[in-house]
């Protein structure tokens, strides 16, 4: 028993990589499957770093990435003869979550964020950040080091990728962060803004002040680039040799067709129409060349 | 009352024992309450799961693939969806296939090992060692088996995160229990049967195949099914091996190297998703899992009863 | 099964006073009314489910004497013994009819606590059954549960001495009671039974699991115990009964008490032919 | 334990030919050298671990006769029987010394396959032990494992007929062998044993679990079987041995063969006093 | 005498044939699989652990009190062991008294009919998949704890300990009940004969006499709690810390393994290899518990005549 329609296309497309981007790719895959039910698309979210490792090993066809490929990853791919291209598919803001019962902290400056999260931080209670805030112990959640979110966040806040205090609860699964913050009045954490929109009833956001006042991550602020330094584009990496497969080509076209809509559905922000048009062009060029 | 004896000094009605009797009553009360703890916990667990699942467990849930969108699971929305409802189907089939493969492997390995130990093994140090080893394997945490499956099947033997790797891992996990229960069944075959067979000039293998196994097989099957019902609920091993969570189509039994999803893994995924409604989805999945488990146990009990009646 | 001929006396008189009227036509042959009786059984019937194991037993057991119960296997000797300290209460299907007086009090009255009763009537079993505890703790156990535990030390020594085993275990009081030989274990069990100083000691074939040497030690001991206790002993060994008892009760198959008299009388000149046959080994 | 006095003959001569020299001083009383012997036992010792169950047994068993083995419990009758078809091999701790010839071939030679041997020497056990299969399959079992399974149908019928049970089971060949009465089960087991047409049939107290009627049927059967087979039967019933056997071997406690001779001689005029005592019931 | 007509020798007859000999080897290989499994477990764990300890000193592993292997900053196993211990001790506090009293009730007080129904019902608890306990903790136990102790987080050690405790009740009660039932009635009668009450017989005679079996059951149950994975992963959280607060979030060894196993970390890095070091630690702990339990049972088995 397989649901959906049989379009005649067949094949297997393995997707892995960013846990942040996972909901988007999974949603695209799910919808694609309803129209092409004989294409098998296992989607996993092992994290951007771990995903690149598999991708460059030839173990996956699509790599979800919440950052650009690093040079050592490029070297791996080259060593294994994996040729790729990058497609920008959604925009994300890293949001700072807080518990709805937290009525003191509306906004944090970038300096406060640095003080809070930097390696060796001595901030233990809310009052360490601001004297007027409760003298209650903070409980911190965040993504762990294999994630693009982690790389991006640490670079943006501490100025150095990977540098972060060690006593936070680091997980591969943003859901755990959400649940953690939801369950404790004095908790805060960082993760994809998309997860906030899936859980608006249980979570609230902390605005970020980058010197120009407090800004919340919203579609506008993220698309205008006002929500700084925590907004970023996210990509899928595509294997060129796999473009031979019709199912693969159709899937990628379909991805670009629906990603703006699914992105909103799972809580990301759509990339602009021009960007999508440009990605389409590049994809068709590559298809012309490799298929 | 006769007074010619010193009856009065006797404490016939045990008045001095009154405190002890109270203590005894309190103790029985405590024991009974303790017994109730387990039973009440079981009831609470079942009621909790069923109430959470109520209204979410539909025929569609059983027959449709999972979805990222929690609203797809809600029966109230079924009419308004542009795709289809969300469900557990690929994981359900994945679990069944996983169990079928595991059954085949354990039947062969478990019964083979039990036959060796009961019928062939000489009384040597090696045999004692094998038996002790089996007892110890039964106590190894299931996640360690997952690690073994990951390192040995997924990586070293290059099976990938496949149905095959999952089934092999579960096989090793339940093998000790299967062997021990199969040994018990073999031991229950009376020696007079074996002697009768040898006396007619049968070889050892003929005796085992024609006399011992047919007698022991109901007991062996009961043991295997009970072990499989443990395997079907195991999460940690298949999680380590890399069961997927969003599979649109079930794996194919003919392609054991397919990626697969399985019910416990799917339930784990749902249970940790933060949207509150996913709790209902997870509960619905649990009800399906428990129902299958119950069916397997019922089959095992049926086999055992049928077999016992014959004796 | 119905009580064949023996009348069941109704215990309407629940105050517990002995109803002497019951002591009439059903008394066994040669069973004189004993004046110093500690235990008086009146029309005692015992049933296991629907099977009747004892039929209307009437017997007066004298104080400070050894009374032996003999008879073929299954005739109800153990059953009778167990009904004296209400150990039958522990068998779900056992049911007792009739009366059994201990110092004139019917122990089957509702207000009697069997636990209190058993503190007066100790028991030694066929198979030695020491607890898996130290020798000392075995003997001290009864003292402790009965709250007689000041000066345990001394009482344990006295009990071991009276049970004629002190010499053999004096320097290993801390080792397990299970490490002793069978005969020693049985004397340990006797020490355990007498330590809390009961009045009556019931013994159910205490020597049947033992070798001849151990047996003769136990026999000597039983005779000595009679100086201070009332002893009721079941044995399947007629010579033993003849040697150590003052009174002998002969039960025969079906749970009937056939004759009860002085031991010398029973063994030399029994009134009933069946008893004679049994004693001379012609039957049973 | 050491073999008391009996010499163990070394089997250096491993070609398997019988060494007649062995047949000398250790022969039991009245054991003439039989010329038509099928089975010849020479100084056979059997041990279970360190315990010796048989001491230097010498015995020549004649063809197409019924040989009875009698003696008190534990004297080694079953042990001897089991060493004839090497069923002792199945007991881990059992060990055999000495020689046992079957048609002149020492069956304890290394090159003898016990399975092949058992196909020549069938066996019937004390407790009827039909397989939980249909009556037909029970009898066919031996045929099938021995690969003699052309024409199974007919052979099964013949065997059932010879075992004098065909009439009783003819129309229920498909029902389970376990549904038969004890006596029928035992005759079924005999049918199973004779179906593959062995030469010798060993029977270990085949009637001891049966009632008198069933027993007499089995006895009749044994006598008939001797026409075609060599039968060796263990029995604890002296009348039975006297009734049905041609030769009788008397074992006495400790695993010694004391006398072996024609049955009439043994029962009417035994040479050894101990055998006479045993036979007349004075001992054992 | 014509020994020719009898093909008793192996060469001539070969009745068993190749198949009979093959069967033996096939079955032996099946039995060998179990030994190979143990070997493979050890090789996999030790091999991975060696890679790990090439980078991380044993001293740090066993002395540091901070664990952040995923970010490759600190590698002290104690927080994980502490988390595991918190769950184990907590579940023991639930299961040992409850299980023991249940066993006493079933063995000494309950009607045989009650025993025959209650025992299998309790054993169902042991057959419920652990993932279901995780769900039960999140959806039932934690909300109750949050009502009783406001401020309790979504993930907390107490909820994990409670469900694991419930899960292992039947291990304690079943095995202990077996041990108590095998205490011979003669010991009970001895005590009754001395005027002991039923309470005294149960607690002073039966319980001590079955102590070895009861202890073995305890150890097995504790070993099971140490190795329990999914319930604690879902319920107790992902924060390795040494805390005495049962309502705080912790991480057990097993939950850490799930965290790494669900894939976020690059294969081959020190962080990844820590999986095997932790796995080995867990394996050694449970294995020694199991062997200890066997030893207790054998060593203190009472010899009843």
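Think of it as A, B, C, D and E in the order they're written, each chain with its own count starting at 1.
Criterion: contacts are C-beta pairs under 8 Å (C-beta built on N, C-alpha and C of every residue); 3 or more make two chains touch, one makes a residue touch a chain.
In UniProt terms, the chains line up like this: B = Phosphate transport system permease protein PstA; C, D = Phosphate ABC transporter ATP-binding protein; E = Phosphate transport system permease protein.
Just so it is clear, the model here is predicted, and its values are computed rather than measured.
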item: Shared interface partners, meaning chains that touch subunit A and subunit C; value: B, E
item: Any chain that touches subunit D and subunit B; value: E
item: Greatest separation from subunit B - chain, by CA centre; value: C
item: Relative to subunit D, chain with the most remote C-alpha centre; value: A
item: For subunit A paired with subunit E, centre-to-centre distance based on mean C-alpha positions, whole Å; value: 39
item: Chain centre separation (subunit A, subunit D; CA means) in Å; value: 85
item: Subunit B-subunit E separation of Cα centroids, rounded to whole Å; value: 15
item: Centroid spacing, where centroids are CA-atom means, of subunit C and subunit E in whole angstrom; value: 50
item: Subunit B residues counted as touching two or more neighbouring chains; value: 17, 201, 203, 206, 242, 272
item: Residue numbers of subunit A (touch at least two other chains); value: 44, 173, 176, 179, 182
item: Per-residue overlap in subunit D, given as positions that touch at least 2 other chains; value: 115-116, 119, 146
item: Those chain pairs that satisfy the touch definition; value: A-B, A-E, B-C, B-D, B-E, C-E, D-E
item: Subunit B-facing residues of subunit C, complex; value: 15-18, 103-105, 107, 111-113, 115-117, 120, 147
item: Subunit B-facing residues of subunit D, complex; value: 85, 87, 90, 92, 115-116, 118-119, 122-125, 127, 129-133, 141-142, 144-146, 189, 192-193, 196, 198
item: Contact footprint of subunit E on subunit B as seen in their complex; value: 17, 20-21, 23-24, 27-28, 30-35, 37-39, 41-42, 44-45, 48-49, 52, 108-113, 115-117, 119-121, 129-130, 133-137, 139-148, 150-152, 172, 175-176, 179, 201, 203-206, 208, 229-230, 232-236, 239-240, 242, 264, 267-268, 271-272, 279, 282-283, 286, 289-290, 293, 297
item: Residues of subunit A touching subunit E in the complex; value: 19, 44-47, 49-50, 53, 139, 144-147, 162, 164, 166-167, 169-173, 176, 179-180, 182-185, 187
item: Parts of subunit B lying in touch with subunit C, wherever the complex brings them together; value: 1-2, 4-7, 10-14, 16-17
